[in-house]
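Have a look at the structure below, then the notes.
Naming follows writing order (A, B, C, D, E, F, G and H), and every chain is counted from residue 1.
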Amino acid sequence: MMKGNEAIGEGAIRAGCRYFFGYPITPQSELPHYLAWRLPEVGGVYLQAESELAAINMVYGAAAAGARVMTSSSSPGISLMQEGISYLAGAELPCVIVNIMRGGPGLGNIAPAQSDYFQATRGGGHGDYRHIVLAPSTVQEIIDLMGLAFDLADRYRNPVLVVGDGILGQMMEPVELKDEAPPAPPPKPWATTGIRGRGRPNIINSLYIVPEDLEEVNRRLAAKYAAIRAREPRWETHRLEDAEVVVVAYGTVARIARAAVDRVRARGLAAGLIRPITLWPFPERPFAGLRGRVRRFLAVEMSAGQMVEDVRLAVQGAAPVHFYGRTGGIVPSVREVAEAISSIAGGKSVAEEDFHQAAGADR
Amino acid sequence: MLWEILITGFGGQGILLAGQLIAYAGLREDRHVAWIPSYGPEMRGGTANCAVTVADAPISCPLVTEPLVLIAMNQPSLDKYEPAVLSGGLVLYNSSLINRGGGRNDIRVLDVPANALAEELGNVRVASVVMVGALIGATQIVSLGTAMEALADVLPPHRHGLLPLNREALARGALIGSRCRFSPAGGVMPGGAR
Amino acid sequence: MPRKIFTRPQALTGKAFHYCPGCTHGIIHRIVAQVIDELGVRENTVGICPVGCAVFAYDYFNVDMIEAAHGRAPAVATGVKRVLPDRVVFTYQGDGDLAAIGTAEIVHAAARGENITVVFVNNAIYGMTGGQMAPTTLLGQKTTTTPRGRDARTAGYPLRVAELLSTVEGAAYVARVAVHNPANVVRAKHAVKKAFRVQLEGRGFALVEVLSTCPTNWGLSPLEALAWLEENMLPAYPLGEFKAPPDLTGGDG
Amino acid sequence: MARRVRITFREDFCKGCGLCVRFCPRGIISLAERINAQGYHPATVAEPEKCVGCAICAWMCPDVVIEIERDEAA
Amino acid sequence: MMKGNEAIGEGAIRAGCRYFFGYPITPQSELPHYLAWRLPEVGGVYLQAESELAAINMVYGAAAAGARVMTSSSSPGISLMQEGISYLAGAELPCVIVNIMRGGPGLGNIAPAQSDYFQATRGGGHGDYRHIVLAPSTVQEIIDLMGLAFDLADRYRNPVLVVGDGILGQMMEPVELKDEAPPAPPPKPWATTGIRGRGRPNIINSLYIVPEDLEEVNRRLAAKYAAIRAREPRWETHRLEDAEVVVVAYGTVARIARAAVDRVRARGLAAGLIRPITLWPFPERPFAGLRGRVRRFLAVEMSAGQMVEDVRLAVQGAAPVHFYGRTGGIVPSVREVAEAISSIAGGKSVAEEDFHQAAGADR
Amino acid sequence: MPRKIFTRPQALTGKAFHYCPGCTHGIIHRIVAQVIDELGVRENTVGICPVGCAVFAYDYFNVDMIEAAHGRAPAVATGVKRVLPDRVVFTYQGDGDLAAIGTAEIVHAAARGENITVVFVNNAIYGMTGGQMAPTTLLGQKTTTTPRGRDARTAGYPLRVAELLSTVEGAAYVARVAVHNPANVVRAKHAVKKAFRVQLEGRGFALVEVLSTCPTNWGLSPLEALAWLEENMLPAYPLGEFKAPPDLTGGDG
Amino acid sequence: MARRVRITFREDFCKGCGLCVRFCPRGIISLAERINAQGYHPATVAEPEKCVGCAICAWMCPDVVIEIERDEAA
Amino acid sequence: MLWEILITGFGGQGILLAGQLIAYAGLREDRHVAWIPSYGPEMRGGTANCAVTVADAPISCPLVTEPLVLIAMNQPSLDKYEPAVLSGGLVLYNSSLINRGGGRNDIRVLDVPANALAEELGNVRVASVVMVGALIGATQIVSLGTAMEALADVLPPHRHGLLPLNREALARGALIGSRCRFSPAGGVMPGGAR
């Protein structure tokens, strides 16, 4: 059995990550506590930075030096990293960033939330960049996706974000740890490690003062993002075959939604679930076959309605897209979600704009 | 079978450990298990609770908002969470600190003088382990022997000197629990994938 | 037998600097390159550029270079050094970069005793962005954002970085030098060399503050700028070693 | 012991800032009338034989324009 | 005649703004230079902060104290403000933030760009918050919208973002300045000005440790955002009446697009333009009447394709939405845009994914 | 005639503190409130809370209060003070808040001579988030992120904030006090009062560093924590006035 | 001149930390057996007449539990 | 009528001021005007250029990528921008620094010895004002008198001593410009809203 936050750390170590730079924040603290013990044991470095800003730029330096490196924070701390993330994307440096999301905006609270979806998927920083976003929903999946996160980061030379919430971080579940030696990270001939044996300097940079040059870079990035869009969407479906109402949810909420789908199925309602595992690229493919059959979609989030936009973009008007959400750290219950499904299936609308009334009535 | 258990009480009553004990015991019996604490500002000094799920099939949702079993270690938490217990469910309460049983008649209720028993054993901190024993006695969710083994999983090595005491606490609790042979079959249980 | 008395350091590429005529950023670049050559660490060095006029330093230093976000060079250097502790890591930063937006990063790199070398160019102005006030701008000095001269009542006092950092335990070497005449240029080189030696010997954080000119934004000719530095900056920013390991105090680096 | 100093200016790098002119102890450097590729009047030494090879000019040059060699006949 | 960047400053002063906190960055420098002169003249305060982070938090303090206050920056600096903006939104403090966008990601360059659209409209910070985004396209409109920006900020107790690019900032155009006394800002009984005459302390805060309380705040915010969505969308249309191809563009690019629309109209192509003035709330209404008639939409942006998502959400599958963009500081020419219009009108697709090839072929 | 010798200050609300038993944050709160009362500025004061254990200070001080982002209280205070120069503005900040993430903001508020008062609570730990290392954590001290004790080689040296800031010209008053016994509590109050008086007299930036306990995260009883402070913190963090206007040096505030 | 000191504990605020107990120069404060609403053993003075009104306890109390008054008969 | 003018040359040749002069003169004649400089790293030392639009109707797009009129103050900028001039457009070039006229035969070209004339007037810095004069002489885009008045708008007060010199420069330029009476009517002009 392992706590989710600890699984993030152990997953990273087993993926060959030896460097962690971060700044304390609830509800991800078990991760730095764990790594402060574990990393020195495996010859790695745990460094508590003076801030999230410093942490993300230490990550930038370590990634430039060719290391598998990560940082972790929660919502306000991730906001502080946005400039740095834009730089990492612009300089095409691989790294893994963990956001254990909490209630917002502002200081908010430390309860579980999913209200950083826009920030995660649309790039909270400046410029045309994207990063892959992975959203595990079990402790085992955390372990598996941490390995994938580092692989994707290196493969695409791009930051990868892993998002969860405090429930996932605090939860204990049994995990299977593969006892393999960590994979050797791919060669990084571009890394700034000193020119010995190479002769020509390597330069890590995102400045291109001539617009034509910067457009060229943006084209290269756009092509890379297009490749990621084509190859990397990941998702899971549950009882989708004959579903007429499809719930879309990720992370912790997907588990609640899955139980809710089972509950309404037991009452004879043909519901199904799409669980995006990558939030960016958003998995549009599972929606493709549903046109015509599915009468309604329901996005369920611990937010005021953010992923619902991606669902709308995926559905493109083929069927109404409804929303049910709770905010502020309130976790929707299986019963609530089951009722939301029943109610839209019956034609009642739980529109985004009504979420607060709806949520209120439901309590 | 899907056991969704909520354990609630004061911080410092060993709530989180009790939950882990059940989960580890389930794990030792190759069941699917999950454990979630409440966390945050409530932790320090205030209330504490955790949710444990033990199941024969993979667990969809490890969150427990409508528990089949509630273990209430103090009055405020009994008051707060009893209404959420599933119809047909079970409530074990710490009768050393709680005066009245619950007000519902669609659930089974078992009073366990956990603090008193623990004090008898010489250490009030094992009260929550007494409660786990009672749970096992009442439900056979796991075998008592497994739970005794699992104690080693949840107590840190430097506390293993306390294993005998804790085994005793489990046993005493189980004795009380066995007064009430609870089987959830009769209860109204939602959820399809059990 | 012809002996080279002064040649272009190997640690500089063949590219011409983009700096304005007479801007002493160029002298400081050369000094750093000379030191890298003399210590024989060129193949082993990773440099970090600031955002500021020296932003293109990656085109000039003939070593591996990283362009950092504005003010974050010490954090980036920390990341590099922790991964590659046997490489020589230096940052090159202006006074906006290091003493304004990057204050936290430099103070904490020093507090950690991060084993890196920092070359800090104090020209009392934001050069690259068009001559705004820097934390180091002198009282009364006119800049594009203190058009009536810096007034302490609204814009505060010049920040003395060397003095500030020398209070920090992890800082092993802290010195202030200037490059307004030949003798001082030579001294500046000694100080920079010491700052690299401190790193090579694993003694911790080393910083050399270099008083430098910005003829363009000071609105002076290159020679007038040297004189202005001497007359106005030296009184406000005394030269010297503020902190040094006892066995490295004074003398030639 | 005869010594001969050779001073060379990489003229296309020169920005005519005049720092070398100002600090040459022999006062032998001046800025040329002509304009170089960068559009500046480059520094030059009219009577190179007067150069003592002190390299002060090179130390002060912000653009690494100046190189100095010395022939040392034993 | 006035430069755009100076017009921002003068517009702010005429709207009664007396406090500016900012950190230098190109290409918005004329604004702080202007205000460093002007604000002391009118009894205001110009303060150069030690960073954008400090600046946005000084804005937070000044807004809490009841002042009309602003800051300004360009893309990387705005990324650094994201935590602060989330706090401002969470504490419901009015202020105006200017982003003169430049090429990204990372350090990018200082040439004009519109690649911070996602950040601006989706909230680059954490949590469920929104801010109004105004996008002027002429110097006169800058003056007008600065006044509106402060009014909306106060009316909704919410940050308002004004976005432009270096062209708009550097451009000189004639402006008409109304010679009115600045309006008295509305009373702010919530401001923290000392309790004298009030008795009970005012508290400015975004921390709500109890999830129920924070959800309540999020509901209030959601209701406010819904009101803004209903009331505040602003846009301009050009030759839309009988248009079969509709271009959507904002800011500087809208002026290019308008000329391009005129150019293809001259060649007989029934083109029209929708220019969003508010980017959030995105004006969906002008799209409403177009279903059926309009055969194709074309979003033109100085980005790799960001607003195009809002156009797709507005169009909801009613007609194909194409994209034409330039990045890195390259400004699309009237000819390029006219050709893009002609080409999609003729059935050729300038899809988002092809933008780089398209742009390349066009040069 | 009954005379009140000691009563709850008016500048505190009636709400009970949420601090752990024996945590000296409470003593420091009360001192600040006493000073506000004695100076008669309660109706005229705006306070800024940190993010840290004192995050709820807005519930306790009976004055207008603002909750700032982590580390940014000095910037927020600057915004308030520039708008309302005749109000008394203070920040209350922990050592993570002020000396880690907020380093740049405090250094520059000091450099600007910003006319505010800062109460800086140094408890050598991150209390609120569960006992991680602070910049002020002592060498060898065990925390949740230095489980083997703080080792200077990897985690750097304790930061001495009062010493650091006293090098800054705009800082008018910088003192370090402690609250581990009655005599020191009284001295602490004198220092805080001076720091407010400096502001009232428009002399610039004033900061009082207060050594404080965190029984919970130190893993000690309240009384043990006082002793630990005395034995371990005092040697590392000497008490005294590091900078004061000549006419305000020493004595009772 | 007769003086009488009145010391009051706002018991529900007390967290039983013992700081007042430790520093009372007269050693007259102790923690009660009973538990208050917050769950702590509150501080109390068994023999209030021994109190000299020095207020040291109040100065050290982190929770502003203690108030002290003095009757001053002229 | 819509005049889209590009003025290009070295930094320091008074390019930006020349553009502003045209714009302010247009403004004084109640026309719609806009002025945009190139900015950025090119500014210091390197090339400089600006775009001016003078129109009778509101200006859609103030950016000039295909100028009707190009004023080229040095060879590199003539080489770079001449191909972009609209067919039927006009190029004025500084023949003091540029050897050859352009290679296109679908546009009008006028050589103006701007530097030489300015030096004759005793100040090489008014070369760009000579060019503006030539533009006015050739096109009557604004009246010469208006341009002379507009000088006061663009020269800072402490430079108003230079007004007579600049007026003279305008007049000399206009004389040369009047050799080439340019009217854009014959040109191919895209864009509908003129």
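To be clear about the criterion, a residue touches a chain if its C-beta (ideal position, glycine included) is under 8 Å from a C-beta of that chain, and two chains touch if they have at least 3 such contacts.
Note that the coordinates shown come from a computational prediction; the quantities given were computed from them, not determined experimentally.
With steps allowed only between chains in touch, the distance from chain F over to chain G comes to 1. Of all chain pairs, the one linked by the most C-beta contacts is A-E. Averaging Cα atoms per chain gives one point for each, and the point farthest from that of chain G is the centre of H.
Computed centre separation for the pair chain C/chain G is 60 angstrom, with centres defined by C-alpha atoms. Averaging Cα coordinates per chain places chain A and chain B 34 Å apart.
The geometric centre of chain A is 27 Å away from that of chain E, both derived from CA atoms.
Chain A and chain H have Cα centroids lying 55 Å from one another. Across the assembly, chain B contributes 40-41, 45 as residues in contact with two or more other chains. Multi-chain contact residues, meaning those touching two or more other chains, do not occur anywhere in chain D.
Chain contacts: chain F has residues 20, 55, 67, 69, 100-101, 103-104, 107-108, 135, 155 touching two or more partner chains. In the complex of the two chains, the chain A residues touching chain B come out as 1, 26-27, 109-111, 166-167, 170-174, 252, 255-256, 258-259, 262-263, 265-266, 331, 333-335, 338.
Looking at the complex, you find that chain F touches chain G at residues 1-9, 12, 16-17, 19-27, 30, 181-182, 185-186, 221-223, 226. Within the complex formed with chain F, the chain C residues making contact are 100-104, 107-108, 111-114, 135, 152-153, 155-160, 163-164, 167-170. Of all residues in chain D, only 5-6, 10, 12-13, 15-19, 22-23, 38, 40, 53, 55-56, 58-64, 66-74 touch chain C in the complex they form.
Touching chain E in their complex are the following residues of chain A: 53, 75-76, 78-80, 82-83, 86-91, 101, 103-111, 113, 115-116, 118-119, 122-129, 205-219, 221-223, 226, 303-306, 309, 312-313, 316-318, 326-330, 353, 355-356, 359-360.
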